[in-house]
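Here's a structure for you.
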């Protein structure tokens, strides 16, 4: 194994790798607030995830002809309010339909909304949120409102906002500051508008990536101290919270939603099982049946991809350096190979290792004409895309997220999403999966907001698995009689699924 | 079984049902040619399939702002020719890329092109074609040109043309008359422009649906008589040919490509296995895992759908009235149910029977909120959509091809493609499948064009399975040494797939 | 392909190949009856299938210490009758239990028995039967008796009799003449004792292989002429009947049960899917997960084997010369290979082609130590077993049906059932499958016995698919209201399976 | 859920439950040694597992006519030694063949044997072993001998010994004391003869269940203290060791082989996936296709069973009280049901929960005629078998391990292995799986025997995962260059599997 294993041994198979955090303690950086005038990037402290590309079903419905910035426009919703900033408030009706579609597959959340709204467990809660703004998040936000909360919301990613949904939320009175295609300056401006609202002081944070938390911690330390609780969903954000906690600077209880069992299983195995097919189909229309595919890495993501592709008739081989995972691949009926041995025959390569340079330039050189390369693993480092940006190779963008890289002899290799995550870039996350996460977030907010003084210290918590005196359990028992918190989700699953 | 079986007994399971043909022998109908001025529909004789809705990967890239009719514009390609009529010749470059993508997965055709182009087996052939105009057909057309043919082409469907591809073909000199969104008058005008070209008289026909054949038979009987052969791909078109032949009016040998083994297997089992997933995902983003699905009909289409959905974690049940198919469903591990027994629990219903009113209004009334109904079977008759067009129900178009039908109590049922074929309307057909059909079409053209006088009478033929003295076999043997014609396809499959 | 394809082209993939029939028109052969004294083989006219090895669940329970021939013993059942000849009447109780086990999975037959026994549609029928004598056949025989028939029975195979079952039948009064391990002389003696019974003349024949029919035709032509009908189950027997019919010598109507749809599907696809696993496990205890397996031939049998092995985690490759089947294998996700390319790596080879010498001595020479070779295809010709019977190779019988063939260098190849059919030799056929065949046989007997004079001529018939005036349909409608005869089976399947 | 969940909440899904240990500190009990004369049971301290029923492939080959006790016979092997006690030394040749079969699928162990035997890392080791005595253990024992050890061996279970294998080992000079069907007195006598051998004092223990360790600890404390290390494989034995260690009485380092990753995965998921099919088939010959099956519990065992049965065409439903496992079942496409809802329709129930009374008498009363009940979970408590031993029910033993329980109305329920573990009782464990465990055992022995003074204290260890200065790693590196110890196994897997 020699070189290979020393290079890879740190992270032998796919696990949720800690993203490299650009958490810079540079006071200078935040010395002046963003202004409409100066729209240059203020901060390198923006989380990496906030600039990942991201597709959503409705994103292509955007008419992008209107090139003026939302910050330059004055818009008013039908109730006369202009406390929001979205692309076009007139798209509200279309966004409402997207939300209605999403509600169909979010039964746990709707069930919570219906059963607990007379009690208003979030009455008095003033929640600032920073998440992807999509139809599914809208269902969460409107549930929080139904349970009594006031909400102001902004986007955690500069590309991911569904403008119509942002309009629909703004129309109903939620103060949303977000649009698709923000600049980094816009990004921080939106966050600031969300937090800094005269006569309104937030007491809860719902964050995805930690940028909102970071901004408040840095810019509004006095407000931050009075927050009753933070609910954080992402790996990055959770990591930042643990760093703060370790440094003794976390002055607020926080709930880590990222590491709940359901989220882990769904984000990897079940979700990827579907999104690998969806992502490949939407970008390339490739037929799966009979194709020679290599999946690099047989962790949860790889297992999901392989199961789906095998079932659809692809001939799937695996590369894997962890012996246990390799044995599992063997026992599941896949050939375990070295990439170099099969590189000349393969039709599609999918990376899921969480490592760097799993597919090298040398290997790309040897791939055959028309072969497809994409990444389902971590970040954008698995395929050595940088090595393809050399003069002798021609890049042709043939569709959104699809490049033909052309060798001097005419050979084309089809590169998807420039090596970034295929599932984020080229497919949608099923609503049902997002429902599970959103329900967990709602329960975490209820728990932190209602917990008696002193139950949660200035630390990072997991949602307690066992019921008991925990507040949020009341709201589970409103809906079902099961013992563990995850049974709520199970319950609603059964409610929907079972004959 | 009573009523049910008597209603259904004629066609117990899914088989390619003969479409009801509107072949009207009304001379009046063609009494005057379409003109630019009068664009009303001239003909009820248009084939049903020519107005089916049809989606293609690139269709949404159309900027539809240009509302002027192509017939009113004068366009010139870079070679100075204006013998074509497409939406916008400037889209040629984009279309070229779509063609290049398609070439990657059409190895049989490319292999035939490369190996036979020095012989030019189609030298002298003047082919008029009437097919869907997509990137894949473009690869076929350019192959025919490479083998020596002159081609003029038009669309067999008023919606299915990829405008960019039509532009790319026109740019290279193929006379294409087609655009997305033709009126019926446009449709016949394009066909006529294709056929009726001064100083150029076609001697071969490649048709899909029979409209071109019909037009020539009716309008240009003298030209029609001199045609050396017709190659027809569709059920409808083949049926029309057999009718003509039966009536003693077919004066030209014709080749039935529709009923070749490979086409049947691929059009049903393998294609539907992939397009059911693709079609559901693109329209609804639904998660398959854990969903209660009912597939009506366990013929080849149903088998394909069920295999895919089961593999992705759906809980699939079957309705089936043919006992052998029902036994197969049992033995394949599916519950065989009556639709009425499970209608209240089901999340998704997929019809694949080839029958009428398989899902009735009464059943739609009992479906639960958020359930999805779609059709993979035949035409648009399986779901009783007409019964949903009543005043008490509200229809909301939430996306292209997606309607929410809303009951007075707020219940929504999600209807896809208004009950038309999901796979045609909402997913793409894999290029590889189209390659198999296109290769067969090319071989059939070669065979008919080169056959010695008298080998083929004025009748409808299947491509002879056994090699021998048949002309087209020479072109197979150029590429491989196998015995049967389908081995060419096999060969190219292996050439591409095998390690 | 050259040589290969010319050798194989006659029968490119697995289809029920006509067995080579040893139907000798040698009058001499039957010139004298078998006697107790002279037990040498009288006849080369014995059907090949009658000497195939055959395992059954209970066969190893035989105490083989009693070496005396049943023909030399006098046995009496508890009712005082000695009109039977079985191994040991005392085993009746054990046999009864085997029959009771079998009844649990033969619901169609039991249902027919229960519902029709008051009508006695076989009253007056005197049936001679010649089939495998197993618990499942016993359920058939006892059903015939319940419906009014008198039965005398003998074995169609010298190895396949379950002695305990034969005893149990004899105990209840059925005249059975059969035991495990008959000589060929015994075989014909038993048939003769079955037919030639003073004061009892058969009027119906139920045959499996055609030996009984042949014997009666040759030896008792006058009795034969008066037979009302023959029901034949095997390929061989049906072939013999068609020969007779062609030669104008068939003076009795016959029903071909072999070619019914249900039988074909079950005998190949569904049955083999289970018996390949069972046969390999019982003989070798091999783990399937991760094993490199090659299945030669992707017809119905191959498809069944591959589906099962793939599902259990084997890495399965296919060899196939028919391009359509090869394409199917590709589309189902299997690598299509040439045996020579992979022979050195493979752990298990399974032949399912119906051809000769699919695995040659040369290939066996190159297999690795510990690899397994077996046959699921036709007869015993697929593996060139003869080529292994050379002095330099040592054979070691390590278990029943398992030989280690040892090369001079110590390499062992594990050969199962000496290349005969694995599923017949080393696994059991599921009772449910046999139930479907047995129900069909019973219905065919009812139909022929009750049909009005003249409906069936002296020819070979398939059981009519459509109901109507046919007699047997009455007995279907007794049990269900379906239209087609196969619905009875479907009905009982549903009755048993459906929630 | 009420009652149900309170009853089950302790162990919600299948996990290796700690067996209830009968570890009695009763000095009285061992006050006198077993003698040939007095064969009554001496000890209630025998481990439960030692009396579980156990089947093996070769067990039915036993001629059980020889009823005399091996302890009463004097036997001599061909080398003149009589230092052993087995059923019949003459069966050695047959046993040798079984060992040779086993060697074919134990490549890791054979590879270790071949590469390390010149070094003799176990030279001087005197190992007493107490394991199942099967062909696979024989390969382990002979490997230990090849590496330099002297071995004396006895059985850890009174039923599981393959007499022929015991004979084969004795023939080659290993002192084996074991036969199938020992009494409890025999059991302890054999252990004692193994340990107590004049002029030979053991310095290593390989145990499976802890009985040998217990005996030595109690009876030969002085010998026990000088042992260099104990390698223990079973849950029970490991539990006993931890108890000793906790009590401060463990004076020897011990290695826990039971909890290695590979063993866990194989013992549950992969093994059960195969043995559920094998166990059902060998006992009942049931057809899987189309059967309604309920699997109780969706832990690793349940997942394995379900995957196999679904693939073979069974219609599988799940009962599960843990919501995460239930969600997994949903996402894998199984219906999650309550047993009571489906009990009347089900054909087969398989328990895999690790709990008690998962199937109650009340439910058994409602099962349909011919249904099958069996247990793959823990011990024999999952099915309430005791409740079936009442006067109104008749039990009929129809085959080995198969009982028909007959209700007064004639209904029969088929109970397998009297509710004990189906996989142990009615199927065989694949050799490949045993090879992985045996290789781990061999490496653990090498490690403990060669470790420098003081590296291992008087405690229970897991085999260190990381290489480094550990002794055993040398022997891995003899065979491959991988870094982790499990790579040896991976290596040999690849060596065998990979193309």
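Read from first to last, the chains carry the letters A, B, C and D; within each, the first residue is number 1.
Quick note on the criterion: a contact is a pair of C-beta atoms (placed from the backbone, for glycine too) under 8 Å apart; a residue touches a chain by one contact, two chains touch by 3 or more.
Predicted model only: the values in this text are computed from it and were never measured.
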{"item": "Neighbouring chains common to chain A and chain B, by label", "value": "C, D"}
{"item": "Interface with more contacting C-beta pairs, comparing B-D to A-D", "value": "A-D"}
{"item": "Chain copies touching (chain A, chain C) - same or different residues, decided at half shared", "value": "same"}
{"item": "Whole-Å gap between the CA centroids of chain C and chain D", "value": "38"}
{"item": "Between chain B and chain D, centroid-to-centroid distance (C-alpha), Å", "value": "60"}
{"item": "Mean-CA-position distance for chain D and chain A (Å)", "value": "46"}
{"item": "Shared interface positions of chain B, touching two or more other chains", "value": "270, 289-290, 312-313, 315, 327, 330-331, 335, 493, 497-499"}
{"item": "Arrangement of touching chains [line / ring / star / complete / other]", "value": "complete"}
{"item": "Touching residues (chain side chain D, partner chain C) in the complex", "value": "57-58, 60, 97-98, 100-101, 103-105, 270, 273-274, 277-278, 281-282, 284-292, 307-308, 311-313, 315, 342, 345, 347, 369-370, 396, 398-399, 402, 404, 412, 414, 427-428, 430-433, 493, 496-499"}
{"item": "Contacting residues of chain D [partner chain A, same complex]", "value": "1-2, 5, 9, 261-262, 265, 270, 323-324, 326-328, 330-331, 335-337, 481-484, 486-487, 489-490, 493-494, 497-499"}
{"item": "For the chain B and chain D complex, residues of the former touching the latter", "value": "289-290, 310, 312-316, 327, 330-335"}
